[in-house]
Amino acid sequence: MPVAGIDVGSKLTKVVIMGENKKVLSYVVMRTGTDHKKTSEEAFEEALKKAGVAREDIKKIVATGFGKISAPFADEELTQIMAAGKGAYYVRPTTRTVIEVGAEESRAVKLDENGNVKDFALADKCAAGAGSFVDAMIRYLEVTPEEFGQLALQATRAIPMNAQCVVFAESEVVSLLHSNVPKAEISRAIHDAIADRVAAIARRLDIQDDVLLIGGLAYDIGFIDSMKRELGREVYVPEEYPPEVIPAIGAALSAL
Amino acid sequence: MGKNVDDLAQLKQFKEWFDNRHEYAKKWKKKTGGKVVGYYCTYVPEEILYAAGVLPVRILGSHEPESITRPYLHDMYCPFCHDTLAQGLEGRYDYLDGVTLAQSCLHMRQSYFSFVDRVPNIEWDYYLPFPHGVTNPYAADFAKHEFENFKAAVEDWLGVTITDRDLDRAIEVYNKNRELMTKVFEMRKADNPPITGLHAMYMVVSSQVVDKAEHNEVLEGFVEELQDVENDREIGTRLMLIGSEDYDKELFELIEYGMNYPATFVFEENCTGARYFWGLVENGDDRLMALAKRYVYRVPCPAKDWARGDFFGRRRFQFIEEVIKDYNVDAVIIAQMKFCDPHELDIPALREMLDNMGVTHLHLELDLTQPVGQFRTRVEAMIEAMGEEDLFI
Amino acid sequence: MEVKVRPFDCWDDFKNYRIEYYKNYLEAKDKGGIRWAGSAWSFDPVPAGLGEDVYPLTGEPYGATAAFFREFSVRALETIERKGAARDLCGYMRNYWGSVAMDKYLLADGTEIEPFPKPDFNFTIHICCTHAKWYHYAAELEGGVPTYAVDISVGPGYQLDDKKIEYVVRQLEDAVTWMEKVTGREYDDELLIKAVENEAKSMTLWSKICKLNQAVPAPMEEKSMFSFYVMTLLRRSDEKVVKLYEKLYDEVESRVKRGIGALTHEQFRFVTDNPPPWPFLKVYRYLEQTYGAVSVGSIYTFGLGASWIGMDEKGENWIWEPAPTPEEAGYEIHDRRSALWWTAMFNLKYRASWQHEYSHWIRKQETLQMVKDWKADAIIMHLNRGCELWNMSTLEVRDYLVKNNVPVATYEGNMADPREFDEARTFNVIDSFMQSLGIEKLA
Amino acid sequence: MVTVQESEYWRWPESIWVDESKNWQDAEVISCGIDLGSVSTQAVVMLDGELYAYANMRTGTSSAASAEKAVNAMLEKIGDMKRDDIHYIVGTGYGRVSIPFAQKTITEIACHGRGAVYVYGDKVRTVLDMGGQDLKAIKVDSRGKVINFLMNDKCAAGTGRGIEVVCDLLSIPITEAGQLSLQVDEEPEPVSTTCVVFAKSEILGLIRKGWGKERILAAFFNAVASRVVELLERVGVEPEFAITGGISKNIGVVKRIEDKLGLKALEPKYDPQLAGAIGAALFGRALYIKSKK
């Protein structure tokens, strides 16, 4: 019988339906909004529909992210660390270091060759909010998320910017904008700054290859580029599934 | 028509030393075959190292944001200590043979420990206990005792004996450097000071990273030349800088060269300014005691400057008060590294003192990079508040 | 397996002492006594020579008490921030300054008293960047209370030499003369000698009690230890404190013998490092109730209040064995100087928390050895934004422990600023940690 | 790829206005002030020191273009005035250095002080400017000259941007948030911090706990107000106080500040978001007269 994994994030809610053979039958991503229960309910229904599975046929539902409080119909809870670890190992078994960057939280997880979590680190408060910072910057620069990532690749110059915290960073971005720095360079500066903060978390673990980047920000090619530079090594992103659904996959796996 | 300070060869030399401090040290090593020791706090008695033929260089940062130190130093430790450690981890101090720290603030201590542990080329390290209370009558005795140990450790490491003559020579060189820099600072009392804060920063910080004897030669010429300098810049508001170490070009450039209103620093009180070199060693028979007294009685770092028994003031404040009067300071900029506890602990009292003196002041929190726009607004607004009566019609 | 548990018989004795303590300080003047304030690390036996009616108020425990009463704490913190105090300064100090600035004094049960009872003098030490400045500015807020700070920056205990001790002793001698001057009292060396002996006794007793917690199941969990260890910070040179510890020692010893534990289900043992987030001690409760996880000790409670042999002479290994009392060491205290010498040496050498400020290595050994000796499965570290000293080296220690195969979890917080704590995140860390170690929730 | 619909709850309305009763050709001195803020841009024209026209718009990515846009919108509304007809233009705000056609720049602190006296009358002594990036507490004399000022430290982000972020998080239009936050029976405890990042994570926690939006907003604005009052008390607040800047339109914040201070903010005669630009224009007039002497 199939199982489900549900990840209610601060920005996006993700649901995965998985068959007994560990095959992903469907996934759904939806904006979380303020009524978490309603969203998780809706996303779940839609995922069932897409997978063509009836609700009664689901053997077990495991929730991660905000957990059961937001998805009361779930049977069990899994922490985000475990979810990220399991999901990452599933999509790329050679992964030893998982770096997840979402809207509000970032985390790094170290795995052994069997996919067990060996150590983990979370963003300190002042380093949190990477994804939503990007969202705000996209608005500032009046570009689309895709353009924002692309722009960074066109920069010819790296402008140092402090990313100690997104609040500080915002005022630096404003300063840059007002001194007529080209958008490409600003985009690069922002990406570098976030990568810098995220790398700082990952460095608490002794980073080993392969490094897999998951979470919504793994869409952003500018960010991937900055991460590679910052860590001085190859950084992979999931190929088959969108990067933000990996933890939901992890949750589904633990339901099997 | 007088000369312009920016054209002086000596100033260019200071700037070149400042910008290429690592290359300088490497060349020095090649030339002399001597050892280079990095020091973490300006309470290290450099003379002892110098007497042993070592080149002491101050460990400084680069003002580039980095994440490499975050696994080792807590986020709420000051940016300076992160920045300095980062330089070590990046391999920019690969020419250092040793590193030392005189007990100072905790942040620097933590940075120092990680530096010792994690920078591979360090063959010698020394943690020098130094009195934390410089208002203590027994502090000089104790400092002398620790300096003895320090000297013995240096001798042991290098397999040399530091003779009294070596010490005398080192003290002489260092005193001369102090004297000359004090002379330059004193010229800034003039209505039209020959140098700006940026120039002063180049001069003082370069002296922290090059052979003092060499620095002295250039300094002598500088003092000479400054007599004829007549800048065409508008001096504007006479500013004093108070606070943590600050060698960020950008800040000086912004305030002295980049604002809507003219303003010039006439004094920097911090440890990349006057606190570093103010006060001579009064040498005598007991060299180490003379050194101990110099370091204990110099203008103190706020980390060490506290009430004790009958002494209730702050020695540093007394100094600041004098400078404000002597240098005709119009306004004070308190520029403190973010999270710097020693300075933060003094700020409420410092503000109160300045208020009582009727001196305008502004507080800026420094990071590795600065939000230039915000700073500009604050400083300009401070200056606006001080004048321009005729705009209110 | 279920473990027998029972409350501590001497619990109330400790509680009452604490209540009395804050009251005694408050009421000292009514009876013509003397009040002094200072860091809990001050040389507490020294003012004791001024008479038997001398009452201290130590700042750190006061700050912790204030923080525990969140609403009071936030008011105090906001008051002092308005005066320009930066938010990243020592949390205890800001609570204390805030109290003084609001002119409100907090008793152990949360009662607020107005005005803040000013001390006759401040007597403190200085080791982090804060201590002396704390009382310097407090004295200014109080309108100029005489203040004396003793500098103890001599380096780690295992490198102590006579001249270093001498530096501190001379200051203490000077402080005695100064105290006579500011109080107008004659100093009584007999009282000093007694106090110095008591100090050594209470600290050594506390270290012996700590050692008893190596037993499985652990007879004490850390929340109780917080209430016990604090006596060494309030007034360790008080005869009554020695008595309390004697009683506690007997009780804990008998618990061990009878197999009485702190938790019914001891699934998991861990140690901690920093002062806890006082306003959120429920973190410990959560660990106990959800996972049967017991905190068996911390370098905070052990390192602050107890006296240990510590680093061996070569500076290689840390030894968690109680330090000797003067009696055990065969040291005779017969006059002021010998008394001052002992208290100086004893604190400089055996106070664990004064050692690891001088090197990462010491802190690493100290922590790793604690994990081993107390049979802990892991360490949970508090990245405490409220104390830059306790926070020093934490990340380096984390790195070292992980390399030595000790599981480590870290959470951010502030020991004394209720505004800097994120409950959800912290519980999330705990859950993740336990899940990754395969520790199941208790049924 | 998944695309997610973004609503723009933080957007507030732009506006343009002209005093039709005046004829600009009659004026001796026509001055213009432009306040190029991080979030919004205002341009005003004053005739002999009296407000004549303004435009209030969102700041775009280019400072110069934003200034240009606001001025042009305003001139267009006036109809027959050209930029050359203006005697003196003063720029202020964050982007002041990049307004190419301004003859002079003056900080927004001086301009808000000066403008506040125009907007609120000469009794005002304490001006609180609550804008997009900064909080400023300014003490002024009867002419609007700054005596003393304080800006928020970086770590106290109880600013306009913070409010925008929270509105976005709760999906509430920013213009309604203030009113909504007042619809609580009992004032909740403030969220423990005004740092945007911390507050957000706390608010997410409250959402999860099932708090209503009104209550969350109330708790958040309560915290913002505390932070502001702290700043005000640090410069020393005097009874005659006024609030300028965009957040002055947020009744939820304003009311709570008033309650905490036990004081009522002065009633504005003009849109308080214009204070900076008005101050700039008034300085422009003075500078023009000075230059003619």
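We call the chains A, B, C and D, going by the order they appear; numbering starts again at 1 in every chain.
One rule holds in what follows: a contact is a pair of C-beta atoms (placed from the backbone, for glycine too) under 8 Å apart; a residue touches a chain by one contact, two chains touch by 3 or more.
This structure is a prediction, so every number in the text was calculated from the model and none was measured.
Across A-D and B-D, the chain pair carrying more C-beta contacts is A-D.
Taking the mean Cα position of each chain as its centre, D sits at the greatest distance from subunit C. Rounded to whole angstrom units, the spacing between the C-alpha centres of subunit A and subunit D is 36. The distance from the centre of subunit A to the centre of subunit C, each centre being the mean of the chain's C-alpha atoms, comes to 42 Å. Centre-to-centre separation of subunit A and subunit B, using mean CA positions: 44 Å. Shared interface positions of subunit D, defined as residues touching 2 or more other chains, are 94, 97, 133, 154-155, 198, 201, 204, 208. Residue positions 124-126, 168, 171, 174-175, 178-179, 204 of subunit A each touch two or more of the other chains.
Listed for subunit C are residues 83-84, 383, 395, 399, 422, 425, each touching two or more other chains. Taken as a graph of touching chains, this assembly is fully connected, with contact between every pair of chains. Considering their complex, residues 124, 126-127, 160-164, 168, 171-172, 174-175, 178-179, 193, 196-197, 199-201, 203-204, 230 of subunit A touch subunit B. Contact residues on subunit D toward subunit B in their complex (touch as defined above): 94, 97, 105-110, 114, 133-134, 143-149, 151, 153-154, 283, 285-287, 289-290. Residue ranges on subunit D touching subunit C, taken from their complex, read 155, 192-193, 198, 201-202, 204-205, 208, 226, 230, 233-234. Partner subunit B is touched in their complex by these residues of subunit C: 83-86, 88-90, 126-130, 132-137, 139-140, 144, 146-155, 163-164, 167, 170-171, 174-175, 178, 357-360, 383, 385, 388-389, 391-396, 399. Looking at the complex, you find that subunit D touches subunit A at residues 1-2, 4-6, 36, 38, 60-64, 94-95, 97-98, 133, 154-155, 157, 161-162, 165, 169-171, 195-198, 200-201, 204, 207-208, 213.
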